[in-house]
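The next part holds the structures, each set out as C-alpha cells.
Here come two complexes built around chain A, the first alongside chain B, the second alongside chain C.
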Partner chain A sequence: MSLVFDALAGLLVAGAALAAVTAAAPRAAVIAFMGYGVLLGLAWARLAAPDVALTEIAIGSGISGIVLLRAAAGLPAVPPAANRALAAAISVAVALGLAALVLALPEPAPSRAADAAAALPATGLGNPVTGVLLAFRALDTLLEKIVLLLALVGVWALARDPLWRGRPEPLFAGAAPAPSAFLARVLVPIGVLVGAYLLWAGADAPGGAFQSGATLAAMGLLALMAGLAPLPRADDRRLRLVLLAGPFGLLAAGFLGWATAGAFLAFPPGFEKPVIKIVEIAITASIALTLILVVLGPPAGEERP
Partner chain B sequence: MSDAMLYALAGAMLAGCGTYGLLTAGGALGRILGFNILGGGVFLIFGAVARRGAGAGLAADPVPQALVITGIVVAFCATALAVALLLRLKAADGAGEEEP
Partner chain C sequence: MSALLVLALTVPLLGLVPLLLAGPRVGERAALAVLAIGAGLCVAVGVAVALSGRALQYFVAGLAPPLGIGLRADGFSAAMMGMSALVLALTAFYAMRAPGAGAPRMPPAFFMLLLALASALNLAFLAQDLFTLYVALELLTFAAVPLVCLDGKPGQLRAAMTYLMFALFGSVLYLLGVVLVYGQFGTLDFARLSAALALAPPGWSFGAALALMSAGLMAKAALFPLHLWLPPAHAGAPPAASAVLSAVVIKAPLFLLVRLWADLAPVPMAQAAAPVLAICGAGAILVCGVVALAQVRLKLLIAYSTAAQIGYLGLMFPLAAGADAYWSALAWTGGTLHLVSHAFSKAAMFMAAGLIAEVFGHDRLAGLKGAARVAPLSIAAFGIGGLSLLGLPPSGGFTAKVMLLTSALQQGAWWIGVVVLAGGLLAGGYVLRLLVLALQRPEDGTLPAARECGWRAGIALALAFGAVALGFLPLAPLGFLSIGRPIAWEGLAP
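This part shows the complex of A and B:
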C-alpha cells in the first residue's frame, strides 16, 4: 500500500516537473514549478528526511517561487526551440541512464550513519542533520553562507550606478490590497513564532537555521508586501551588520576552535551546544535578511543626493 | 523494490524532465526552471541513497541530507542571480526580448 503511494507521489512529482518545462506561458510554468516543489517536499518527507522536506518547500518552492513569479510577470511567452524530438530523445536517454545507474547501486549501501550517530553525543545535539551541518561539516556551511552573500552582492551589482545606495523596487506597485494587509497583520506574528521554534527545536528535532531563516524571510516579505515595513536601503549600516553576522560569527567560532579545541571549526569541549546555538542564531538572522534582499532585487529608487 | 528505489527512479525522471526543459526552452526563464528541475532530480537520487544508508538507529544517513540542504540553498542563490541578470537584460533591451 505504501509502495503504491510512493509510486504515485513519484509520478506526480515527475508530472508537475513535465508541466513546468512544457508550459508555454512563463507564469503557468512557474506555478507548475512551485507545485512541483511542494510535491518534491512530500517525497523528501517519505524518504525520512523532514529537514530536507522543510528546506525544499520553504526555499526550493516558496522563496524561489516568489523570485520566479516576479520575473515571469513581464515576460512574453516564447515559442519552444525547434528540435524537440532530438531533445526528447536526449532527455529520455539521460533519465534511462540515471535509472540504470540507480538500479546498479551497491548492496549493502555505503553509509556514514553509524559514524554520525556515534559522534553526535559529543556535540550535545539530538538532530543528526544539524550535527552534520554545524559540527562535522561546518566548513560546507561556512562556504555556503559566503555563497549566499556573494549572490546578494551579485544581485546588488546589477543596480544602475546612481541608484545603488537606495531602496529596491516595491513588490506591489501602489497600496497593498486590504486582504493582503490583514493577512500580514495576522500571519506575521504567528510565522515569526514558527520560525523561532524551528530554530530552537532544530537542535533536537527537524528544523534548523535554513528552515527557520526561510520562514522568517517569508514573514518579512509578507510584511513588506502589505506595506507594514519600509523597504530597506542598501547602504543601511545595521542591515549590513546583520548580513555579515552569520558568516563572520561562524568564522569567529571557527578561529575560537583553534584556541579552545585545537582545530579550525572545532567547538570548545563542554560548551558545544551553547556555542552552536549562538552561531545558529546569527546564521539564521543573516539567512533571513539575505533571502529577503535577494528576493527584493537590486536597489532601484531614490537617486543619490 | 523499496521506497528509496522508487524515489531514485523518480529522481532519474526529474533529471530527464530538467534536461528536456534546458534543451527546448525558448526563453531564459524556461532554462532556469529546467536547471532547477534537473538539480532537484539529482538531489532526490541523493535522498534515496541517504535512505538506503539508514542504520545505527537513524532512519536515513544524515550526511547526504545535510549536503542536499546546502545544495538547495546554493541552487536558490544561482536561480536568484540568474533571474536578476534576466530582468536587468530585459530592462537594458527595453523590448522584452532577452535574446537576439
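This part shows the complex of A and C:
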C-alpha cells in the first residue's frame, strides 16, 4: 500500500515539475510550480520530515508563489525556443550530477540526531527541530532573522523617498472582486487559527515560528488583497517595533542567557522553555510582518492631501 | 572563552534599532558610534591574539561543536577583522552629513547596510562552521547588493540585479557543497573536519564538495572568469558604497577560499586544485589589468583594477601548497597580507575618485586634466594608494608581492613570478594614467570653481597611508598571521 502511495506521490511531483517547466505562459508555470511545492511537501511528510514539509508548503510554495505571481505579471512573453533547449540540457545535466553526488554519500548517513536528542531535555522542548533552531544553533537563527530584515531594507531602499514615508502601492488596481473578498472573510480567521496553532504546537510537535509566520503572512496578504485592512504605513513606529521584535528579542534573550547561564544564547536555567516560547512569538510576528512588507514592495512616499 | 568575539558580532547590529526607530540624524550618529566601537572591539581582538600568541575562541550557548557553533579568531581572522572594521568605520565618517561635505546625504538605508556588513564580515572571519559561514555569506550578500543601487538609477538596478544573480548562484553552489560535506562527515566544524580528514584520505565526493563551494565563493568574490558583474556594480554605486564593496565585501569569500584550500583541504587535494585557481588568478591579473588600461571613466578603471588585484590571491594557492614549509608559509603570508593592504588602497582610491567626481561633476578621465590643482589631497590619496597596487616600497602591496615573488622563484614556479611582475606593470599603467592627467595643465585653462572637501579627502589619505604603513612591518605579518594555525579547539578532544 505504501509503495503505491510513494509511487503515486513521486509521479505527481515529477508531473507537476514537468508542467511548471513546459507551461507556455509564465502565469501558468508559476501556478504549476505552486502545485509542485504542495506535492513536494507531501513527499517530505512521507519521508517523516513534517517540519520540512510544512516549511516547503508555507514558504516554498505559498510565499514564493505570491512573489513569483507578481513577477510573472510583469513578464512580457515566453523566452525564445533556443534558450529553452539550452536550459533543458543544463537542467538535465545538473539533475544527473546531483543524483551521482547524492548516491555516492555513505549509507547510513552520519547524523547528529543522537546528540540533539540527548541535549534536548535540558531545553525543556519536545521537538528536536525547534531545539536545533532556537537552542543549539540559535546563532544561525538570529542572523537569518537579520537577513530577513535586510531583505526588507533592500526592497525599501528602492523607494523614491529615502526616508521611507507613506504606504506601498496597492497590489492590484481597483477593488477586489466579490468572490475573493468573500474567500478572504472566510479563510483568514481559519488561517490565523492554523498559524497560531503551528506556533503553539511547535515546541513539542512539528511546527514553529517559520511555518507559523509564513501562514500568518499569507493570511495578512489575503486580507490586504481583499481590502479588508488598509495597507500599512512604512513609517509607523509600531510597525517598526514589530519588525525589530524577533531579531532583537532573540538577541536580548541571548544576552539574558549570558548574564544568567554564563554563555551567549544559552537560556536562563529553569526558564528555558518560557523564554524560548516568548522569543518564538516575537520571531513569528516579525517573520509574518516582514514577509508581508517584502511582497507589498517599497513605500510610495507621503500621500498628497 | 572570549567575550570579545560575541561582542564583535552583535554590537554592530544594535545600531539598526535607532536607525529604524529614531530620525535619520540620530540614527546616523548612533551608527557612527556603533561602528567606531566595533572597530575598537576588532582591534582589541587583534591585540589579545598578539599578546597571548594563541587563538581566541568561544562556544555559542556554551555548547561545543559538533552540536553547537564555535567562534575562533586566529591571527589571520584578527587581521581581516581589524582591517574591515577600520575601513567600515572610516567609510561611515566619509559618508557622514557634515557642513561643507558637498555630497548629497546618504539615506539611512546606507548606514543600516554598513552595520549589517560589519556584523556579516566579522561572522565570516570568526565562524568555524560551514553552515554558519553560509549564513554569513547570505547576510553579506543582502547587505551588499542594495548598496549598488542606492541612488535608484535604472542602469544601477540592472547592475545590482546581475550582482544578485551571481551572488545567489554562488550561495546555491556553496550550500550544495555544505550538504555534501555534512552527508559524508556528519559535522561542519572546521577542527572536527580537519581531524576526520587526517584519519582517512577523503574520496572524490569531498573533492566535489570543495569544488562546488569554491565555485560559489569565486562567483561572490568576482574571481576571473566570474568577474563580469563587478565593474558595473562597483563603478556605479555611490563612492562610499564602492569603497566598502571593493575593499572589504569581496574579501570575505576570498578569505573563505583560503580557509578551504589552505586550512581544510588535505595537501594532495590542494595541490591538485591549486593550478586551476592560479590560472584564474593569472587571467584576472592580465585580462582585467589590460581592460583597466582601456577604460575612459575613472571609477570603472578602479573597479577593473579590483577584479585584477584579486588575482594575486589565486596565484598564492600553488605556492602555499608547495612541499617546502618555509616558502609555502611565505607565499601564504604574502597572499593574506595582499588582502589586507589591497583593502586600504582600494578604499582610499574609490573615496578619492568620489571626491574628484564631486569637484568635476563627472569622472571621464579625459576631462580630469589639472585635477591636482582643485583636488590635491584626493590625487595624493589616489597616488599613494596606487603605490601599494604597483608594489612599490614602502607599502603592504610591496611586501606582499615580494613574498609571492620570492616564494615563486624559490619553488621554481617561474610563470607565477612573471605574472606577478606583469601585474605590477599593468597596475603602474592604470594608476599613472590619472596621475599624469592630474598634473597636466588644464586644456582651455579653466578649472571647476569647486574645491574638494578637505576632511573627507583626509580620510582617503589616512587609508592610503594605512596601506603604506603595512610596508614598515615587513616581517611582523609572518608571525602574527600564523598564530593559531592549524585550526583546533583548545580544551576539546578532536
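Criterion: the second predicted complex is superposed on the first by the 268 of 305 C-alpha atoms of A that agree within 3 Å, B and C clash if a C-alpha of one lies under 4 Å from a C-alpha of the other, contacts with A are read in each partner's own complex, and residues count from 1 in each chain.
By definition in this document, contacts are C-beta pairs under 8 Å (C-beta built on N, C-alpha and C of every residue); 3 or more make two chains touch, one makes a residue touch a chain.
What you see is a predicted model; the values in this text were computed from it and never measured.
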Exercise. Quick one: classify A:L228 as touching chain B (first), chain C (second), both or neither.
Key: neither
Quiz prompt | Which of chain B and chain C A:A114 touches, first, second, both or neither | solution = first
Practice problem: Go through the superposed model and pick first if A:A14 touches only chain B, second if only chain C, both, or neither. | Solution: first
Quiz item: Of the partners chain B and chain C, which touch A:A196 in the superposed model: first, second, both, neither?
Solution: neither
Quiz item: Touching A:L187 in the superposition: chain B (first), chain C (second), both, neither?
Solution: neither
Quiz prompt | Which of chain B and chain C A:L158 touches, first, second, both or neither | solution = both
Quiz item: Between chain B (first) and chain C (second), which, if any, makes contact with A:R137: first, second, both or neither?
Solution: both
Practice problem: Look at A:V92 in the shared chain and tell me whether it touches chain B only, chain C only, both, or neither; answer first, second, both or neither. | Solution: first
Exercise. Tell me which partner A:V38 touches in the superposition: chain B (first), chain C (second), both or neither.
Key: neither
Quiz item: Can you pull the chain A residues that chain B and chain C both touch?
Solution: 98, 102, 105, 109-112, 116, 136-137, 140, 144, 147, 150-151, 154, 158
Quiz item: Which residues, counting only chain B, touch chain A once they are in their complex?
Solution: 1, 3-21, 23-27, 29-30, 32-34, 36-37, 40-41, 43-45, 47-63, 65-70, 72-81, 83-88, 90, 96-98
Self-check item: Residues of chain A defined as touching chain C within the complex
Solution: 98, 101-102, 104-106, 109-112, 115-116, 119, 135-140, 143-144, 146-147, 149-151, 153-154, 156-158, 160, 162-164, 237, 240-241, 243-244, 247-248, 251, 254, 257-258, 261-266
Quiz item: Can you name the residues of chain C that touch chain A in the complex?
Solution: 1, 3, 6, 10, 13, 16-17, 20-21, 24, 58-63, 66-69, 105, 107-109, 112-113, 116, 119, 123, 131-132, 135-136, 138-139, 142-143, 145-146, 149-150, 152, 157, 176, 180, 182-187, 203-205, 208
Exercise. State the interface residues of chain A toward chain B in the complex, per the touch definition above.
Key: 2-3, 6-7, 9-11, 13-14, 17-18, 20-22, 26, 29-30, 33, 36-37, 40, 43-44, 46-49, 51-52, 55-56, 59-60, 63-64, 67-68, 70-72, 74-76, 78-81, 84, 87-88, 90-92, 94-96, 98-99, 102-103, 105, 109-114, 116-118, 128-129, 131-133, 136-137, 140-141, 144, 147-148, 150-151, 154-155, 158, 208, 210, 294-295, 297-298
